[in-house]
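Some structures to go through are shown next.
Paired with chain B in one complex and with chain C in the other, chain A is shared by the two complexes that follow.
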Partner chain A sequence: MQNISRRDFGRLALASAVAGAGVSAGVFPALAQSANPIRIGFSMSLSGGLAGNGRAALAAQQIWASDVNAKGGLLGRPVQLVFYDDQTSGGQVPAIYTKLLDVDKVDLVTSPYATAMIAPAMPVVMQRQMCFVTILGAGVNTTFKYDRHFNMNVVGDNMKETFAKGFLDIAGTLEPKPRSIAILAVDNDFAQRAAESARFLARQRGMRVVYDRSYPPSTVDFTPTMRAVQAARPDLIYIASYPPDSNGILRAASELRISAQMFGGGMVGPQLAAFQAQLGPILNNLVNWDIFSVEPTMNFPGVAEFLTKYREVAAKEQTDVLGNYIPPYAYAQMQVVEQAVKRVGKIDQAALAADMHSQVFDTIIGPVTFSSTGEWAHERNLLVQFQGITDGDLERYKRPGAKVILYPPNLKSGTPRAPYGTPA
Partner chain B sequence: MEFDLSLLLNGIVSGLLLGGLYAAAASGLAVSFGMLDIVNIAHPALMVTGAFTVVVLGTWLGLDPLVVAVLQAPLFYVFGIGIYNAYHHFFEKRGDEALQGLAFFFGVMFIIEVGLVMAFGPEQRFLDPSYAYTTWRIGDIDLPLRMLVPGLFAMACIGGLFLYLHRSFTGLAIAAVAQDAEALRLMAIDPVRIKRLAFGISIALASMAGGALVVVQPVEPSSGQVFIGRVFAICIMGGMASLPGCIMAALLFGVVENVTATFFGPSWSPAVAFGWLLLVLAFRPQGLFGKAA
Partner chain C sequence: MNANLRFWLGAAALGLALVAGLRLLGNDYGYFAGYFVLQYVVLAGAWNILGGYAGYVNFGAAGFMAAGAYSAIVVRQWLGWDLIPGIFAAAVVAGLLGLGTGYLTLRLKGVYFSIATLCLAVVLQTLVVNWDYVGGSRGAYIIHARDIPPFNSYSEMLFIVMLALAIITTGIGRAVEMSRLGRGLQAIRDNERAAEAVGVPTLRLKLVATTLCGALMGVAGAPLPYYSGYLNPEAAFSLAYAVNAIAMPLIGGAGTWAGPVIGAVLLASLQQAATVTISSALNLWIVGWMLVIFVAVAPRGILGWFRKRT
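Coming up: the complex of A and B.
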């Protein structure tokens, strides 16, 4: 295995930023002879609000590049990543992709992390008719309907009817049967779609929606909001939030001793090591949307080896130390590109898109197929429950049992514990 | 949401506690922006810098975040003097402080944010004191120490500053430089020296506010952004150079935000809180405690 030191990481960044092949040779000496690398360009949030996930994704993609180059490259050519920091600003993204395609003349493009950064790239990518493999977008192509867009996200085609299904299916197994739900969501695209799904499915099942509000991302104190949720006396509490709101919400719920048959939903944050370290037992019995857990049912070929490599790099690079959220998907995103290029045998955007529409991709997160819209053909929204958490020790998250999968049934690794708000 | 007295009381109390944090964040700005007329838009970023150093030093020394915040304040005072020297040399001395000075502090803010990402990574950092997960209950009223202790700490800091500004010669000189720098020169006092000192104090207060912030929530390099609008609004609402006004405005801001969130939903909180700012300025353009020109 090739270790990537901090200095090498910096070299990679510099190499990509200035597109300097000379620096790449220092990192991949075995490939120094090749003067014609396959260059993959993208923007990534390396500073600003999404930098936590952006830098974790980049670390995974660089491990992929290192792995591919160690095996002789792609089509006999070394792979070179060309990336720029979009500073978590959607306004920067179109200019970056224009530069990547018109000035750097990269061979392939992939996406930055998440919907707010992917959407601004779409017009530029579509104008150049590039094949575009994105990561964790939510319904971006619903508007664009671009037939060369492929999204690595478990959500699938029909977020409204599927995203909150697992949460409500699990709730349906509890006794007594929950009859009311409170919904709280941050004012952003992903969370609003998640809340829409919860609202739609809850009403379909005859539940009363007793609280249904949004909050602005600039909210500092969640105590009054959670008290209002508590006053509505819901059986279920469905939250769609982003970090750092998720932290404030969970701490407020703990301070107010909020209890419900089920609490959680579509919170982004509890998947990350920093949250798990700080919140410790507050996470117990939280039932939350996720995309990966180190349970035996998700031990796909290659994922354990990847996580070992990632954790070595992450500790040095001060990014998410566990890598149980974005990183396996970022690696798999690049595996999709790799496998399509290998099958097609050349850089042909139309042929690559045709391949991605028709083939199954074997990745470290399992087999992946894409639908006609470029979303996953079969949604795989995980609902996990934190169980038996006694403190902020992160070692337990490297082993099965801390984040038990309750949904979908084919990946299920444990049974639900209720209610939320009781000691483990 | 139906009216409930318990909800209202808790909304008011939690708003007062939140206002304590806002007061901590805004008090330094009341000195730099209110008294010195320096639009230090980087103030929240400096507060977050203080929060990060509190986490690092507090973890290393095993001390309470608020104790570390006090211990590190002299370093931030010196740092503030350095920033003021650069600002004075390149902008204020040339009379370019209005627009170019603002651009300077924008630059400082971005450099700080990127610098924090480079130094500490983009992940959230935290340092929970032992009382962070304790909540006192008085009847129906909840008092989470996570909010109460930083609020009291902020009041103590602002109280100390108030006494210093009103009881010491230098403090009175700071108040004087806000009114008429030239008159100060006639008294054989160098106004630049006094402004340098006052700006250093404002940055020391930012670092102490960082300590309070760490107790309330985890911090990340961009955490300061949500405070920019609020701290300037509080400063203006309070009457610019008035510390009691700053406290009152901060508490009012917190109460309006939280009561609105309780009864009408959190989406309305910023709109109603900033609506109050407009209302105050409509009837008292000089702010709650400001003196009319």
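Coming up: the complex of A and C.
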């Protein structure tokens, strides 16, 4: 390298100082903030692959904050959300949570959306012994075994024995009785656990697994895969997929005119408004895992008002326009925090965790209790069926009848229609 | 004083000053943010050895880095060894991977070599996704101790380890630049046929460079699972690593040992600052614009821009 002159060195130093000033502004924004609010910190995927769900969750949490503040705040103090975009990159998460806890000195922390973002936050949160209410993680605490972790997810503690139970229970009511199943899953954590459950329960019920394959997340053309599924002539087709692939799989199934007594399973995507608008009648008779539907059996106190507020801001914030998937759970996640803080009467992490372990939470998605591992004490995997879908009009999803709940029995709002692949 | 001694003493003094400064600051965020920046110093320095001196653009940085990260995970699962043995294992595995890749692909030139390295990352990711021992698509968890004396915290230890790796990488980059190896690589970059005609052992030098480059990229990745506590294939093979590994030396000034350091410190600090200030998709937009501006105004990086003006 050539020698750098003193003048060059001065210029470099100036450039570093300017860059450094930018960093410092990022490190110490807390200095510029005033009042004495209860500060709740979290990272959220506002850009990158999970941004669609992340932005919807954030909109719901902001509605919760404004609702609480309108009622006089929490413990008489206003609530303030402190959040940063993790860019759907797990590598950003530890730094963000350290900043929230050490620099911003937030009073409480909640989680970003989904396992891959929650897990990197765990060591930081555990080190500072914070109570941590997460959203839609899958088995994160199986490894960490942290007694102050609570997860808002319907899947509960034992995903293997319960996740696909609803799908197979519904199949058991069909005539003729299905005897074979095809399982197709994307190579990721959630889908592999879902496929494992379908495999385990199908074998337990003496069903023949005629096709059982995984595909890499980068797959774009599903025609050959779905042709192979079709060639196995299964009675049931169980798919565990993520949003981009769910679209490709359903389109390929439609083009190949695939028919089965039941089609669906654990697909992530059909829960979202964008999919419902795009796919329209292709969704008809699909039986799929879900967490919420606007059926009368799920009309818990407060959920209709929340959805009205959410839909008003959704268009402006460019998030999921219906909010029938994550938003009610994101709101409920904050309600869990709110109710625990109110009961305890102060910000005491140990007392909050003890409260969460022992109490029932009345939320807009129904009563919630947590098990010793922090998962829901009782799983509530919904199996819904799209019925009477003739086009991509989203208005029908605001009313009961379009996404009928078939399972669990206590929330059931309709009867199954078979087969999949018949026109509406 | 000898120039080498001056470099190492200066680097050690800077390192000590950084550690002391962060201890005075007294919060863990400084360590995490510092780790984030320093991992890019290592990655950019590693890329520079092959890309900067020899002109062979490696798009597979994420693949080598992930190879290092997963080597550390394997060493831990298999033998129960911790971070430091994991770093050595990562250097060996990623170095051998670099050597193998170099042997197979260095007959390719220009864009064809770059595509081959990109494919390597895809092949490795497919392998890891289907390898249950390291967690497969579900990802692997690393549970570490909360404190690790004599360090103040685990994050301080990780920061100091990454700081040491960054200094060593920069020192290796400088040593390569000053040596016959560096001059040979520069000759290859300028005109490979002419270099070969005058007796530069091109294949051997390129193999040394790919091995060194691979090993250092692996080293950059080895502490990653310890840093985040959890690693899944999407995070390990993130495109951000591949893009930053190229962008940082180019912005700082490729082909010089200080260029990758300047580029990495500038760009990674900006990214980290944008993450915790602007905190929206806008931060990617800003980084993108910065790249465009540098390519347009200072195509030879910051160092090249200063040299041109003096």
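Assorted remarks:
In this section, the second predicted complex is superposed on the first by the 390 of 424 C-alpha atoms of A that agree within 3 Å, B and C clash if a C-alpha of one lies under 4 Å from a C-alpha of the other, contacts with A are read in each partner's own complex, and residues count from 1 in each chain.
Rule of thumb we're sticking to: contacts are C-beta pairs under 8 Å (C-beta built on N, C-alpha and C of every residue); 3 or more make two chains touch, one makes a residue touch a chain.
Worth saying up front: this structure is predicted, and the values here are computed from it rather than measured.
Considering which of chain B and chain C touches more of chain A, the answer is C. Judged by the touch definition given at the top, the superposed model places A:227 against chain B, while chain C stays out of reach.
When the shared chain is aligned, chain B and chain C each come close enough to touch A:46.
Within the superposed three-chain model, A:144 lies in touch with chain C and out of touch with chain B [touch as defined at top].
In the superposition on chain A, contact is made by A:187 with both chain B and chain C. Judged by the touch definition given at the top, the superposed model places A:421 against neither chain B nor chain C.
Legend: residue contacts after superposition of the two complexes on their common chain; A:94 is shown touching chain C, with no touch to chain B.
Of the two partner chains placed by the overlay, only chain C lies in contact with A:84; chain B stays clear of it.
Contact with chain C, but none with chain B, is seen for A:120 once the two complexes are overlaid on the shared chain.
Shared-chain residue A:103: touches chain C; no touch with chain B. Chain A residues 46-47, 49, 51, 187, 216-218 lie at the interface with chain B in one structure and with chain C in the other. Per the touch definition, chain B reaches chain A in the complex via residues 1, 4, 7, 10-11, 14-15, 17-18, 21, 113-114, 117, 120-126, 128, 133, 135, 142, 144, 146-147, 217-218, 220-223, 226-227, 229, 254, 257-259, 261-263, 265-267, 269-270.
Residue ranges on chain C touching chain A, taken from their complex, read 27-33, 35-36, 122, 126, 129-130, 136-139, 141, 143-144, 146, 153-155, 174, 177, 224, 227-232, 234-235, 238, 240, 256-258, 262, 265-266, 269-270, 272-277, 279-281, 283-284, 302-303, 306-307, 310. The touching residues of chain A, counted against chain B in their complex, run 46-49, 51-52, 54-55, 88, 187, 213-225, 227-228, 231, 243-244, 247-248, 251, 254-256, 272-275, 277-278, 317-320.
By the touch criterion stated above, chain A contacts chain C in their complex at residues 1-2, 4-5, 7-8, 11-12, 15-16, 19-20, 22-23, 25-27, 29, 46-47, 49, 51, 83-87, 89-96, 98-99, 102-103, 115-116, 119-120, 122-124, 126-127, 143-144, 187-189, 192-193, 216-218.
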